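To keep things clear, I will list the structure first and then write my remarks on it.
Chains here go by letter, A, B, C and D, matching the order in which they are written, and residues are numbered from 1 within each.
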Amino acid sequence: MSSPVTLADLAKMDNADFIATVGGVYENSPWVAESVLNSAPFDSITSLHKAMKGAVDSAPEEKKLALINAHPDLAGKAALAGELTAESKEEQGKAGLDTLTQSELEHFTKMNDEYKAKFGFVFILAVRNATKHTILSSFEARLKNTRMKEFEECVTQIHKIAWMRLLTVLEPADTGFLTCHVLDTAGGKPADKMKIVLKRVSGGGKIGVIGEFVTNDDGRLTGGPALKGNKEFTVGVYEWTFNVGDYFAKEGSSLAGTPFLSNVPLVFGIDNPEDHYHVPLLCSPYGYSTYRGS
Amino acid sequence: MSSPVTLADLAKMDNADFIATVGGVYENSPWVAESVLNSAPFDSITSLHKAMKGAVDSAPEEKKLALINAHPDLAGKAALAGELTAESKEEQGKAGLDTLTQSELEHFTKMNDEYKAKFGFVFILAVRNATKHTILSSFEARLKNTRMKEFEECVTQIHKIAWMRLLTVLEPADTGFLTCHVLDTAGGKPADKMKIVLKRVSGGGKIGVIGEFVTNDDGRLTGGPALKGNKEFTVGVYEWTFNVGDYFAKEGSSLAGTPFLSNVPLVFGIDNPEDHYHVPLLCSPYGYSTYRGS
Amino acid sequence: MSSPVTLADLAKMDNADFIATVGGVYENSPWVAESVLNSAPFDSITSLHKAMKGAVDSAPEEKKLALINAHPDLAGKAALAGELTAESKEEQGKAGLDTLTQSELEHFTKMNDEYKAKFGFVFILAVRNATKHTILSSFEARLKNTRMKEFEECVTQIHKIAWMRLLTVLEPADTGFLTCHVLDTAGGKPADKMKIVLKRVSGGGKIGVIGEFVTNDDGRLTGGPALKGNKEFTVGVYEWTFNVGDYFAKEGSSLAGTPFLSNVPLVFGIDNPEDHYHVPLLCSPYGYSTYRGS
Amino acid sequence: MSSPVTLADLAKMDNADFIATVGGVYENSPWVAESVLNSAPFDSITSLHKAMKGAVDSAPEEKKLALINAHPDLAGKAALAGELTAESKEEQGKAGLDTLTQSELEHFTKMNDEYKAKFGFVFILAVRNATKHTILSSFEARLKNTRMKEFEECVTQIHKIAWMRLLTVLEPADTGFLTCHVLDTAGGKPADKMKIVLKRVSGGGKIGVIGEFVTNDDGRLTGGPALKGNKEFTVGVYEWTFNVGDYFAKEGSSLAGTPFLSNVPLVFGIDNPEDHYHVPLLCSPYGYSTYRGS
């Protein structure tokens, strides 16, 4: 894969180059990219995606149907015949759909056929990060939907596919960052002096430990965001490990010899590297919560 | 270490054997074991420990002070001179206190001296599962306490040490078990068909994956407890991994390409293998909680 | 309103009486009731509603469209002209739509017109428990949807209307009940001896305090469910008040003079009186959670 | 009660006036106020209280024992004989201890006697906001403690009494404020356009509705803190009501006819009017959490 295009470069392109660059993010449907040309330039992938999504959402139903049907079956004939677009080939490969066993292939074919017979269009699922198991669960669940609901769902999935494709084509804006906050709900106060380790589990950049922190008096990371900007804050899966056991030992909580909570892991995915992700921990000696905050 | 004594065996022992078996769990203080002789036999380590704890708690303060001072300094002169009881030697070794650097040793010596000068007794911490860092944080925090509070804290720590020692000497009653429950707080219903993996991270028995489950319609594990009885349900650290991503995909939630939550790990410690541990998950697509339930 | 028909009575009815009884729950569309006749008898409103919903969901789109358009505008011409069905009249009245000011009426008319112009069918919202404000927020939000999404949403709302109408026509099965559980996440154990008061805020039956409880050693209500069966456990809004302050005082937590948490209210709605509602509290001195459990 | 003294006024006082003003906050023990004279002036009640607390905590045990015993029995002989300090009289009266029935009086007397016989000092509990029931539960729980633990607990309670007395004598610094934040954990984003009402349930200032808010795009209150400064942000009990039902209706969640959550109340106490209280809501359609944040 060639190195990503910057938003600055994209802004300078003429229409033909713009289409050549991002025209493929909606499968076989360069009209989507064309329809946002007069909103260019875009200062973020987020705003470009929003514009493209808007163009699709406000298109008439026939055009959406054509967009849906511009996609190949998952693990279908096009794949077997080597006729996928480069994007679809890579995505299906990442989900393991290019190495199905014979019986798995038959199962997929049967599901695809049932689905098309019931709804009149192909099944679409953003598969880049999905396993075969996820894809099959999703297939079975969605076969029970009404046609309209499925139509909507396919369009939703197409927007996700486009988003993930944009992220491989363009370099994100430098705006994203990751913050943390730890609160002690037994003591009703920020958890200070708690040790936190941050690992990248998968995604762009170094895998493994990428930061070690100690919370300040407000329960936040000294020195600002844990990750910041498009070099550090990349799409992927991350893991905090919070040393909750040591914290409550310091607070004088009467923990067990083998404490219920000691090193608490939080594994979370970053999908939009231009955004702010706040991933806090609320903890007491015997329970905790986390959530995507703001 | 010799193999653990069963509670049935303990029940048949005469007084001298009983004391020989459990007299050492309160350091150099066989009087504690003696004072529970007429409450024998015990049907669980839990009830034996409760009786011994009761004997200590109702003893006069001079006797508690003697009990505290029957303990060696952590990483202190007794350790250097090789004069620790077998139990203390093992515990200090597990916490890495037998391999301190020279400067760490000096730091411990200084803390021990300050502590004894301030309070008039030795610093006690149940160290079997603690790291050097935990011990030092605890030391610093507790130096700020009042004498009375520290006296109480030392007795509390001694009870924990006794508990952990009982668990190495005796085989637990066969009553403990582990259960799970998954609720979907976005949908307001049990999370069905969620895949869950259970691993033992450390402790007695096989390390690694020890169970794979799928939740039933009530969000619980089909087939009853995940672990049951003193062969399976041992002191140690465990980890659930909940496949939250697949569940919400199946529910039709519009997850991101890289979902915020996919495989959610919960790491928890089992301290009392005779007890029921209920460790549930409450989840929505962007947040979750856990706690020790019942 | 006449008194509700029992499920036993419904089971004995001939087809004409069955249709006369439940044929109106889908507005002006007795075909829905007709299509479940051969699945009768039903042992619960839940199963009857499920069958009727299934008949609608599997109907062709034209038939669903006709069903949608069988509904009157909210606060629309039919209402002004006094041409609503008895059911619609009562529902719109409960939401205050029969006493709109002139400017509110104009606002509704404008929204209705815009909506119909955009989607080609009428706006439907289950309004029995909604305020004017809710209805307007919903109107504005839904005007942004695609036609297909709105079509699906209208059908969803129609199912809710049918559910609420069934509940006024039939007496629920005697299967519903309400339970509670209180866990102390600071102590890692059930919260025992906590005082709880249960009030009915609105709905069928006595309004005000309808139960006082104290939790047992497992943190549950002594004596089983708080409410049980179709005489006690009625559709409506309820409120637990948990005396969390006294509990933590008893536990020796060092609460403030004015504790952060003292009497914790949880207000929750019961929509299906045939179901089990488990409404627990997870609390620590400075935080709590609740959720619909199972 | 005379109007509170400002911190500015306190700063200008000579030693005798300072003692006259705050010497009584530690019952019959002006030495506590004397010992902080050379740390004056104080810019907040918080820092004055911290200094006084430090003086007590570092005093020798005999002096702490004398301080404990400088307090009257709760509902004891001094109360009956009219010999209480003005402060104690007011506090005991607010807790209803001046209107005990004969049998309640006997119960208190018996508990007081048992307690003094066991520990050698009087039972102390900060009672201003406690009910008779709380006081009795606390009495029973604490009778089971060891003498040392009770000694510590009495000193802790005395610090709370002092805090509450300082708040009646002095006007707080103008630094406190109340903030809010609402997160939608089903959608993984701030909950925007949510209506929130704030009431004062008890405490200083207007009782009833004192603010109405709508969350902004970040889920926070437009216009900054909900309450700010010592005129608005007073010691007392407050209640948020969050219109969660309307919010999720707007988000297109398929709520029940009688939604599980509609108007969610959070009742919380403000103990330190000089502090920042952050009281957020994390909500999904079927569950929510709150906690004291920062």
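Note that a residue touches a chain if its C-beta (ideal position, glycine included) is under 8 Å from a C-beta of that chain, and two chains touch if they have at least 3 such contacts.
Predicted model only: the values in this text are computed from it and were never measured.
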Legend entry - Centroid comparison with chain D (C-alpha atoms), farthest chain: A
Legend entry - More contacts between chains, A-D or A-C: A-C
Inset, instruction - Among B-C, A-B or B-D, find the interface that matches C-D: by residue number, over half of the contact pairs should be common to both. - result: A-B
Legend entry - Gap in Å, rounded to a whole number, between the CA centres of chain D and chain A: 45
Legend entry - chain A and chain B: spacing of chain centres that average the CA atoms, whole Å: 38
Legend entry - Between chain C and chain A, distance of the C-alpha-averaged centres to the nearest whole Å: 35
Inset, instruction - Can you tell me which residues of chain A touch two or more of the remaining chains? - result: 183, 185, 188-189, 260, 282, 286-287, 289, 291-292
Legend entry - Partner chain C, residues of chain A touching it in the complex: 57, 61, 146-149, 151-152, 183-189, 260, 282, 284-287, 289
Legend entry - Interfacial residue positions of chain D with respect to chain C in the complex: 126, 128-131, 133-134, 137-138, 140-142, 145, 153, 156, 160-161, 163-164, 193, 195, 203, 235-237, 245-246, 249-252, 254, 256-265, 267-272, 286-292
Inset, instruction - Could you please specify the touching residues of chain A with respect to chain D in the complex? - result: 181, 183, 185, 188-190, 218-219, 282, 289, 291-294
